[in-house]
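Reviewing the structure listed below.
As written, the chain order gives the labels A, B, C, D, E and F, with residue 1 at the start of each chain.
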Amino acid sequence: MKLLVINPNISDDVTALIEAEARRSAAPGTELVVRTAGSGVEYIETRFEALIAAGAVAEIIAEYSAADGAAANGPAIDGIVVAAFGDPGMPALKELADVPVIGITEAALCAAALQGHRFSIIAISDRIRPWYLDCVERFGLSGRLASIRSINEALSAIGSVQQDFKETLLALSRQAVAEDGADVVILAGAPLAGLARELRGQIPVPVVDGISAGVRMAEAVVGMQSGSHRAGAFSAPPVKGRRGLSENLDAALTAVQAAALAAAPAAPSN
Amino acid sequence: MKLLVINPNISDDVTALIEAEARRSAAPGTELVVRTAGSGVEYIETRFEALIAAGAVAEIIAEYSAADGAAANGPAIDGIVVAAFGDPGMPALKELADVPVIGITEAALCAAALQGHRFSIIAISDRIRPWYLDCVERFGLSGRLASIRSINEALSAIGSVQQDFKETLLALSRQAVAEDGADVVILAGAPLAGLARELRGQIPVPVVDGISAGVRMAEAVVGMQSGSHRAGAFSAPPVKGRRGLSENLDAALTAVQAAALAAAPAAPSN
Amino acid sequence: MKLLVINPNISDDVTALIEAEARRSAAPGTELVVRTAGSGVEYIETRFEALIAAGAVAEIIAEYSAADGAAANGPAIDGIVVAAFGDPGMPALKELADVPVIGITEAALCAAALQGHRFSIIAISDRIRPWYLDCVERFGLSGRLASIRSINEALSAIGSVQQDFKETLLALSRQAVAEDGADVVILAGAPLAGLARELRGQIPVPVVDGISAGVRMAEAVVGMQSGSHRAGAFSAPPVKGRRGLSENLDAALTAVQAAALAAAPAAPSN
Amino acid sequence: MKLLVINPNISDDVTALIEAEARRSAAPGTELVVRTAGSGVEYIETRFEALIAAGAVAEIIAEYSAADGAAANGPAIDGIVVAAFGDPGMPALKELADVPVIGITEAALCAAALQGHRFSIIAISDRIRPWYLDCVERFGLSGRLASIRSINEALSAIGSVQQDFKETLLALSRQAVAEDGADVVILAGAPLAGLARELRGQIPVPVVDGISAGVRMAEAVVGMQSGSHRAGAFSAPPVKGRRGLSENLDAALTAVQAAALAAAPAAPSN
Amino acid sequence: MKLLVINPNISDDVTALIEAEARRSAAPGTELVVRTAGSGVEYIETRFEALIAAGAVAEIIAEYSAADGAAANGPAIDGIVVAAFGDPGMPALKELADVPVIGITEAALCAAALQGHRFSIIAISDRIRPWYLDCVERFGLSGRLASIRSINEALSAIGSVQQDFKETLLALSRQAVAEDGADVVILAGAPLAGLARELRGQIPVPVVDGISAGVRMAEAVVGMQSGSHRAGAFSAPPVKGRRGLSENLDAALTAVQAAALAAAPAAPSN
Amino acid sequence: MKLLVINPNISDDVTALIEAEARRSAAPGTELVVRTAGSGVEYIETRFEALIAAGAVAEIIAEYSAADGAAANGPAIDGIVVAAFGDPGMPALKELADVPVIGITEAALCAAALQGHRFSIIAISDRIRPWYLDCVERFGLSGRLASIRSINEALSAIGSVQQDFKETLLALSRQAVAEDGADVVILAGAPLAGLARELRGQIPVPVVDGISAGVRMAEAVVGMQSGSHRAGAFSAPPVKGRRGLSENLDAALTAVQAAALAAAPAAPSN
């Protein structure tokens, strides 16, 4: 199984953290391709930054989707992980590929929900919280959210947040358990990738790492081979006039639309 | 990785369907132990039948949990799958073991939610629907439920439901897509184990099999090694007077309580 | 009118508290039969303990239900009160008897909701809160819950909680009114049975006692003579193969199924 | 126990139906005083008609509340039932009396919720449905509403609706069970008072009569003696300038404010 | 465009504040008629006081509605603003006029929701909060409410609240932003009319004035000329027997009923 | 007042429809600048198409926002209307300008909610419905949505949809009133701009046009002068490293960040 893991922000040191944890987490047979967004911001904290990031992630997905459409032997990748908490561009990006596209937030929410009833999210900045809350609400699990707690100090460098604020993150996690009733803690954000492994013994409930959840859940979903979207809201966007898109996006749309048309006879007739 | 898969009803032919699909679905390194409830009903359709089943599942979990507590080398099993749609006894049963315990409904809901926005559940009897709806509501994802559709004819034999009603199930699935707006269809109930593989080409959206989801999601969660519950609502029940429980339940409670006490220093101090 | 009141935990001193308050609360013509669970734990604080208790309550209900089925002159009891806050086994247990089965939580929630808009629950332990919250959510009234507050000290003896922590419980109740906006306070848990009478003058809003609510609401519902479930989710579980149940459960299922079949002509024909 | 039962519309024949069913339903020791609104409409179908009715009900409550305030021996009535489905003026009217004030809708919703999980409401006109839906949503139980079904023909006379449309009402009730999944049916509206007794054998789930529920639930709540509102949203409105109210309303406000002040020492001090 | 602005409480100094801010806010071509309730209380803090106020507002609307019905040249007013936060009598009062009737709370909620995602309400007394919360819930936007904060000291005079408590209101507003996550602050209640203009520079998010929102939103809605209610829940109440209403109410009902009948041919025929 | 109205799709004939209705709707003193997206699709039906459109709208807003930042005399525009139903890029785009940015969906939802309780949306294609439903849910008003009905035939040309399907749209609107309980109907989508004016007499409830609502609501919000976002989730994105953005986006971010810093002293200090 081959997974494409995309860092939606432009920081190479965050990509390195993502890649390291993704490799530690992946099952034996899983091959990983890790990519960094070509444009955007250092790290994503706001709804608008997420919108910018979504465009950059779309370009990378399109590059692979277009290639898959042109390939003789089926897709070169089996699934895609969007590796920023907050899931920029999701679920819209699921329309752009014929393989599962999974955000690390939705993966982490599922991983948490399967291990307890209420969960808390520990975040790297106060500004990031409204966007994360949107994300939980849009996924539909806000009824199980115990709290979102966050670092409220300025970050000196995004690549060293987990080292610089380890004690703060540990304290926030324990408060989530003791005061907010969290059964599970999610350490949110790609900059925290790998920290869960380190802190687990010191937090008295299961601790979920977004990257680890993203990779494992993508493996699980790809493994189920549930089939493609040939109808409904996640099938290929309808064929129609378009203009001004990048070459990759244009080719990717053509590819998914062609795949949908080829499969047309399977559409329901009743 | 070794998973214990429990059929909460007493039908051996359903256990055979479960086992076959679980083996087809499992990743290469996964070992499976499949067990049938020692008491209960032929198949579970009502809240009360689910309550009875929960007790029977508890006995089997307790048997392994107690053995794990007594074992020198850690748990003999790494995770547990409760293999009846409706998740009898969940989430309570998560308190009884020190490894992840995952129901096939919660696994299927996550698998569906990661592949689309709205999903429908196709069920084997009208009577079963209120219990399934409870289950979706309690998991917290009812905002994403498109519909529950069901066979409204009497079943002749539980082991052959998927053969006897294949056309009906296919029609219900297609209606869910065309009329209810389902992006994903869940074929619900262990008696339908394996049918998704057969019908996928004929339903124009991803089709989720509960058993397959249960096994794959359990593998994913076990693989994340998120840590144990040493505080909060899923830690071991507090030590207190008890009476009249089976030997296994009694020993299992003793075992999880001992494990929690051994880990006490890790409890939050703030 | 004859009501069966079941204590789902094994503590005889709690049964005594229940019985005393039930007798103080009951209307003149009401006869009470009070029973203690044959197996289980000293007092119920967790979802798993509630599951165990549900099984024990089912056995007692079954004993009466089976007897009623065999009786020539109709049921020997007119209604059943499940007397532990958190309503173990509900609403499933409503399927097992042909008379109203009412939990003290659902009764207390209704009693509170009829006297004010928002209510708080005062509980005897922190651990018990997630289960109580589940219970309010499942009953569907969580939109009216102001707060759940609880004693966060260890209990020395369950029979004397209300004496040992009277001042704490009073302070928690007043905080619920002053800080959480409670219009009504529910003193939750059978171990607090009768305390509401004592504290009423000292809490500036109506105070609801679970046992009192359970008995009074059961009288009200029994008095309405609304009729039986002959269709829908609370009618008798369908006739099917079963195995390994206790004699009483087996007989009770047979009895409710027989009653349903006897009434079959009343089923809707349109 | 003495209950004041108020018909919020001006139809004497509806008052007669209410009184007859209230007397059939009341427990042996309950004394009933039945009153008809002094102004308003023939029967209430819209939010505005309910607003008009609320004013008329307030006048009658005020008459008794003012008298109670002047009485040497405590209240002449122990509880009040507002006997129109839709509960005009509730919950505001609870502020105006020092005894429980209970609407027949909230009583019926509780009676239904204690007997099953999902309930349907059968109503006498299409126009009435949005107001009833508001009422269920405001009480907080809309998550358990299966459906509201209604007669969509013109009524010839409000006093004979239950006779004129008996077959329609029976058919709507059965459809609610068979098609909407209702576990309980509520026959809504005072004009249907008493019909539930007649139809019970022909509808395969419990059938709740609003008047019967109102009287029985009021008896239950009064019997619990939960105490008065001396703080919070249902205590007496604060003393302040007012103008142009009826003599009764003015006196009633003075009476409840005086009672609150007399009880002031019981207010929370923390 | 001519708007009728109604102060639902009896305080002339509050009416003066309302009128001043309404005139400052109105667009050039808007003419305003400002009226004070003929009966009621000094300022509205409770659900019951709001019920009383609703009746008084209905009388004023009826006066204009009846006049419009009698007029040869269409309505003398084009829209109505109910100028008390909490929107007494809404949405029922929308049935009573053939022009838009808009409450300042619903207007302020829309104005806030269009400028940010989460909003807080700053209120003049603790007692007022449950009623305001009801109002937000009934409008359906409680998912976007960050908090309701309030002055918890006694008010010396309603006309000078905004001067007497300016610093407190400023502090509450800033806390709503910093601690509750408010993107927008609503200064609630007619007694605060005009204060938003003064405080804007000192609060770091948009600040909404209820009166200003009421006038501007009424202008917007009137300007859209969306058409009348000739069917559905806000069309004129059905013609039926009524008794004891004021002359104005009686005439207004007759007028809206006549307008509805005149328009009957436009009713849907399918 | 000067409003920038942006058509997020690339169809000039839709821009013409938007401009015509915007001019008909605007208040006398309102000046309009109408722009068409520089890239994207012919009309927007899916979440992915909306994502693409959001990027194109951001570029246009940025062009004006950057210019405003450079201008000596304050913003050249006073408000922005995003003129596609579904509000592509909202609410994220509110971060990118220092003036109100309003989507026509949120404007139409407010306009509908102020005129009735429940509303229906009439849409131009089945595929568009899930995205519209997302939009209503995200705005927080899904509790008031009666239904979304849509044309289920292929469109021949987007510029003539309202002519080609006038009878269908009229029938769908009437069904929404008669069958779904809509109090207000929203004709959704810029391609339907202006149709509401034509159909109003034939639909028995108020009919809301998205463009008209967008312009009128933007005028109302701009007119309230509520102040800017200097803190919270809609203030300028924090200053940080960024790369690969268009010149306009880069300049616009610099401009809003500079405006926020200039206003810093107004931030809350408590």
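One rule holds for everything that comes next: a contact is a pair of C-beta atoms (placed from the backbone, for glycine too) under 8 Å apart; a residue touches a chain by one contact, two chains touch by 3 or more.
Keep in mind the model is a prediction, meaning the values are calculated, not measured.
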Fill in: Smallest count of steps, each to a touching chain, taking subunit B to subunit E
2
Item to complete: Give the chains in contact with both subunit D and subunit F, ordered by label.
Response: B, E
Response to the item:
The chain pair with the larger count of contacting C-beta pairs, comparing C-E against A-F, is A-F
Practice prompt. Kindly point out which of B-F, A-B or D-F repeats the C-D interface, defined as over half of the contact pairs being the same residue numbers.
Written response: A-B
Response to the item:
subunit B turns onto subunit F (C-alpha superposition, degrees, nearest 5) by 120
Practice prompt. Could you please state the distance in Å, as a whole number, between where the Cα atoms of subunit A are centred and where those of subunit C are centred?
Written response: 44
Worksheet item: Distance-wise, how many Å sit between the C-alpha centres of subunit B and subunit C, to the nearest whole number?
Response: 28
Response to the item:
Where subunit A touches two or more other chains at once, the residues are 91, 117-118, 130, 134, 143, 181, 183, 232-233
Item to complete: Treating touching as the only link between chains, describe the layout with one word: line, ring, star, complete or other.
Response: other
Worksheet entry | Pairs of chains found to touch, sorted by chain label | A-B, A-C, A-E, A-F, B-C, B-D, B-F, C-D, C-E, D-E, D-F, E-F
Item to complete: Would you tell me which residues of subunit B are touching subunit C in their complex?
Response: 10-11, 38-43, 45-52, 54-56, 58, 89, 91-93, 95-96, 127, 130-131, 134, 137-138, 232-233, 237-238, 240-245, 249
Worksheet, complete the sentence: Counting only contacts in the complex, subunit D reaches subunit B at residues 117-118, 143, 181, 183
Worksheet item: So in the complex, which bits of subunit B are touching subunit D?
Response: 129-130, 134, 137
Worksheet, complete the sentence: Listed in rising order, subunit C residues that touch subunit D in their complex are 25, 27-29, 91, 94, 100, 102, 106-107, 110-111, 113-118, 139-141, 143-144, 171, 174-175, 177-178, 181-184, 196-197, 200-209, 212-213, 216-217, 219-221, 223-235, 263, 266-270
